[in-house]
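A quick write-up on the structure given underneath.
Note that the chains take the letters A, B and C in the order they are written out, and that residue 1 is the start of every chain.
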Amino acid sequence: MTKRAMGRTILGLFLAGFLFMSLAGQATAKDFYEGKTIRIMVCCSPGGFYDRWARLFARYMGKYIPGKPEIIVQNMPGAGGLIATNYVYKVAKQDGTAIVSPLGGQYLDQVSGRKEVLFDFGKFQWLGTQEISHSVLFCRKDSKFQSVDDLVRIKDNPAKLGNTGTSGSSYFIGKVLEKAAGANFNFVMGYPGGSEIDLAVERGEVACRGMTIPPHFGREPYLTWHKKKFITQLVQTGSERDPRMKDVPTLTEVMDKYNTPADVRAIARVIFASGDFGRPLGVGPGVPADRVKMLRTAYLKALADPGLMAEAEKGRMTPVIPSSGEKVQELAEFVSSQPKEVVDGVRGILGR
Amino acid sequence: MMFDAFIEGLLHVLSWPAFGFLLLGAFVGFVVGILPGLGGLATLALMLPFAYKIQEPISAFAFLLGMHAITGTTGDLTSILFGIPGEGTAAATIMDGYPMTKNGEAGRAMGAALMSSLVAGLEGAVILALAIPIMRPLVLFFGSPELFMLAILGITFIASLSGSSLTKGLLCGGIGLMLASIGVDPQTGTLRYTLGTLYLWDGLSLGPVVVGLFAIPEIIDLAVRGTSIAEAKVEKITGVMEGVKDTFRHFGLTMRCGFIGAFIGALPGLGGGVSQWLAYGHAVQSAKDKSGFGKGDVRGVLGPGAANNSREGGNLIPTVAFGIPGSSAMAILLGAFLIVGLNPGPEMLTKHLDVTFAMVWILVVANILTAGACFLFLNQLVKLTFVRGHLLIPFLLMFVFLGAFAAHNNFSDIIVTVIFGLVGYVMVLFQWPRPPFVLGLVLGTIVENYLWISSSAYGAGWLVHPTVVCIALLIAGTLIYSAIQARRGRSLEEDLEKRIGVEGTRQ
Amino acid sequence: MRLTARTGFSILVLVFFCYLVWEAQEWRLQARLFPWAIGIPMILLAIFNIVQEVRGPKEEAGTSQDTPTDFQFTQPLDMSVAVRRTVTILSWIVGFLAGIWLVGFSITVACMTFGFLKIQSKEGWPMSLILTASAWLVYYVVFERTLLLPFPDGKVFLWLGLD
């Protein structure tokens, strides 16, 4: 054997060894999840609410799944959650080892016809959501804007509403209020993130901001703002009033008052369904039904785990208002099968 | 009360197990940070889950913050040794640090980077401590118009970073500014230059671009030369001490750049990449003789080295005062705050003041530890630069690719790294300067967004805000100053040439 | 020859700006304003740059007066050797990228490190094997096992249906 041929043989063996190692994990076990690793693919960067919820579940869900698989969290941020969501729908194995944590409003990309969307939100198999996260619009207490009526009345120098871009809750609330009640806003666009909008509110650069409710009662600077009565909440998007904002009207109440036509209501319903989705977890469309059932059960059991609850409370991720996988599924199917008029209306509001 | 908290903070840090976690964090930070291509941000994100396991606030911070403080410094070391930045925000040290290594002065460059990091790290901690009573007004003072003006100030540095050809420098800056507009436009939601990919929706991410731009050309160069990284074997042990002395020789510069780092770091919304490049721009602009920059001027190491570390102190200011993160790393730390049950915000300045001071102390202790540990290992590290390049290249490539991937877990980042590696190669080949390009890329989004915000929130009125006018005067001042200096430098050079011509010899 | 390549790059820069400005024309004003405000002056500047380069004096590359604030490549002893080496290392870099895409990180890291050491650097068997093993172990222990990064599977495995 020449030296060169020997080199080739050894190289070949080397390659074969690596191939073997990467395939070794495929052996079938009696219990599917035994010895397996489930990955939760998170839409967003580490440290945020989506990430922290996923990590909580990663630590509590495994023990309720037969076979006690290990669960790890992997962040796949980008394109407003589309990268992670597309990945779990299209690329990841459909064997129940990949769970997605998309944005609550991820379906809006689908409804508004973004061609980059590779998923059908209604075909994901949802495990459930641990909280609803509707939105709230607030303005500084020392501004002229203390109610939706003020927003409608004041046309000159209207309320300055801080936004990151055209896909945040602030923008959605503003646009829907414009359409549904004839409110007036000066949309100030382009802040790098929500924190910068908060600073701008504090500084007086903008008067108002819209945001989701859980962080609004979950962290600074809002806690101090509530305490010092620095801001007034004008409207909330849930179907019922949040117990912490008993005297703030819901969007439905506002629309009743302003006799908003049914077509606009339908559009608002689709846009703010994101709040009912909260921070859902789901698996791809091809995952076998028995595994989905296992995961759904484990999900609910984990949510009932006192350890998880205690940690959620400590991280100010309460109150937890869970919905089951079946309920989320129904909602997902509802928003993904909207008639053309509604879809066009949503697109019009989102400016796409 | 304040003094008590100050001392109490120190005791917290030195108590067990916090101190043990600090050491552990420092160790992890050192090991991961010294791998080329892996930076502090990625490390912090990857280590955050461990905060769940620690739970006790001070220990958790000792671990995370200590680790983070160290990766800033070790990132500079990889920039100097291999020409590969730890992350996009730490690339400016390469500009002069790596050429110094090629000249056989790796020890001196690392000594300078370490010492300036230490000095500025302490400076940042002092600024943080001093700023505690005035944090809120300080941060609120800088609105969008002011941030816009600061970004413009940064853009004027493009001129002094251009070197010989101003035209090419401006063009490079322009390319950077244009590429900064890639992604979903915040004003209208238009997808700008995304080439039909999802990846580009968020714009080009700085890390892969900068790593590609700087690391790949150097790897190519290393392969072409076929030697070790260091060409000249003039290195002596004294090199490190020389770098330490350099820090004090240019103490004013180090302190000024430290201040720039802390100041920019304290302003949320400017992003991590800005401060180091501004510090580098300042180092170049304030130098009388600019010709050595990019070829191994130690001042080009001191400036960014200093800014990189004082930034952490600055970043903590808005994080602590408002619960608003001053950088992406702080955003991750904010998550850690919540995990361990602390609520950053005004409470941190009253009820939890001791924790705040403990954080100051963690920065101080971690900086001293790093410097100490690094000085122990420096000579071993320097030896790496004498290893045959062909042995290093596969490792460097592996780390570049792994680092590019690890930041966002996205394969496209690796493609971007390679593409910008080729761009960087061609730029160096045809002598187009890369720093203005990076500056443009870093500042483009800020300029555009804050201009829109300023004009929609204030109309044209923001143009006459007193602070805006002040910064405008500052910009005009620096431009005039550097123009005068350039002229003076040139006449000095001509003078010298004449003399050399007459005497016919340099000595 | 060098001069034409140099000017070629300058022309490329001009084309780049023209393309970006052209691409922006159908956007709404707010989206278009910034790219145009930067891009259009840059087109003029790029034209000026080309004119300057074509008409300018035959510059001596590499004098200290005419260098940007940036690195310079080491001037090679022999141009043809330098070109050959550049092409070689570029193929390794691109090959590494292609490898990751085709067969995933873990195999590529091993094969590329080993291949480079054995074939390119002409190291001996023991040296190549030891260094390859250590590189792969660092990759595996730190990135796969400890940091749990979601490395994508190679495309080849997908095509072969092995996944």
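Of note:
The working rule: contacts are C-beta pairs under 8 Å (C-beta built on N, C-alpha and C of every residue); 3 or more make two chains touch, one makes a residue touch a chain.
All figures in this text were calculated on a predicted structure; none of them were measured in a lab.
The most central chain, judged by C-alpha centres against the centre of all protein C-alpha atoms, is B.
Comparing the chain pairs A-C and A-B, the larger number of C-beta pairs in contact belongs to A-B.
Distance between chain centres (mean CA atoms), subunit B to subunit C: 23 Å. Centroid to centroid, with C-alpha atoms defining each point, subunit A and subunit C lie 37 Å apart.
Subunit A and subunit B have centres, each the mean of its CA atoms, that are 33 Å apart. Of all residues in subunit B, those that touch two or more other chains are 185, 187-188, 409, 448, 452. Taken residue by residue, subunit C touches two or more other chains at 149-150, 152, whereas all remaining positions touch fewer.
In subunit A, 74, 76 are the positions where the chain touches two or more neighbouring chains simultaneously. Taken in their complex, subunit A has these residues touching subunit B: 45-48, 51-52, 55, 59, 73-80, 82-83, 86, 116, 160, 163-167, 186-192, 195-196, 198-200, 202-203, 205-206, 219-221, 223-224, 314-316, 350-352. Here subunit B touches subunit A in the complex through residues 45, 48-49, 52, 139-140, 143-144, 184-189, 196, 198-199, 201-202, 268-269, 271, 318, 322-325, 328, 331-336, 338-339, 341, 343-346, 408-410, 445, 448-450, 452-453, 456-458, going by the rule given at the top. Residue ranges of subunit A in contact with subunit C, taken from their complex: 7, 11, 14-15, 18-19, 21-23, 39, 41, 72, 74, 76, 91, 93. Contact residues of subunit B toward subunit C in the complex are 32, 35, 46, 95, 98-99, 160-165, 167-171, 174-175, 177-178, 181, 185, 187-188, 190, 192-193, 216-221, 223-226, 231, 284, 290-291, 293-295, 388, 390-391, 393-395, 397-398, 401-402, 405-406, 409, 411, 414-415, 418, 421-422, 426-435, 444, 447-448, 452. Remark: subunit C residues 104, 106-107, 110-111, 114, 118, 148-150, 152, 162-163 touch subunit A in the complex.
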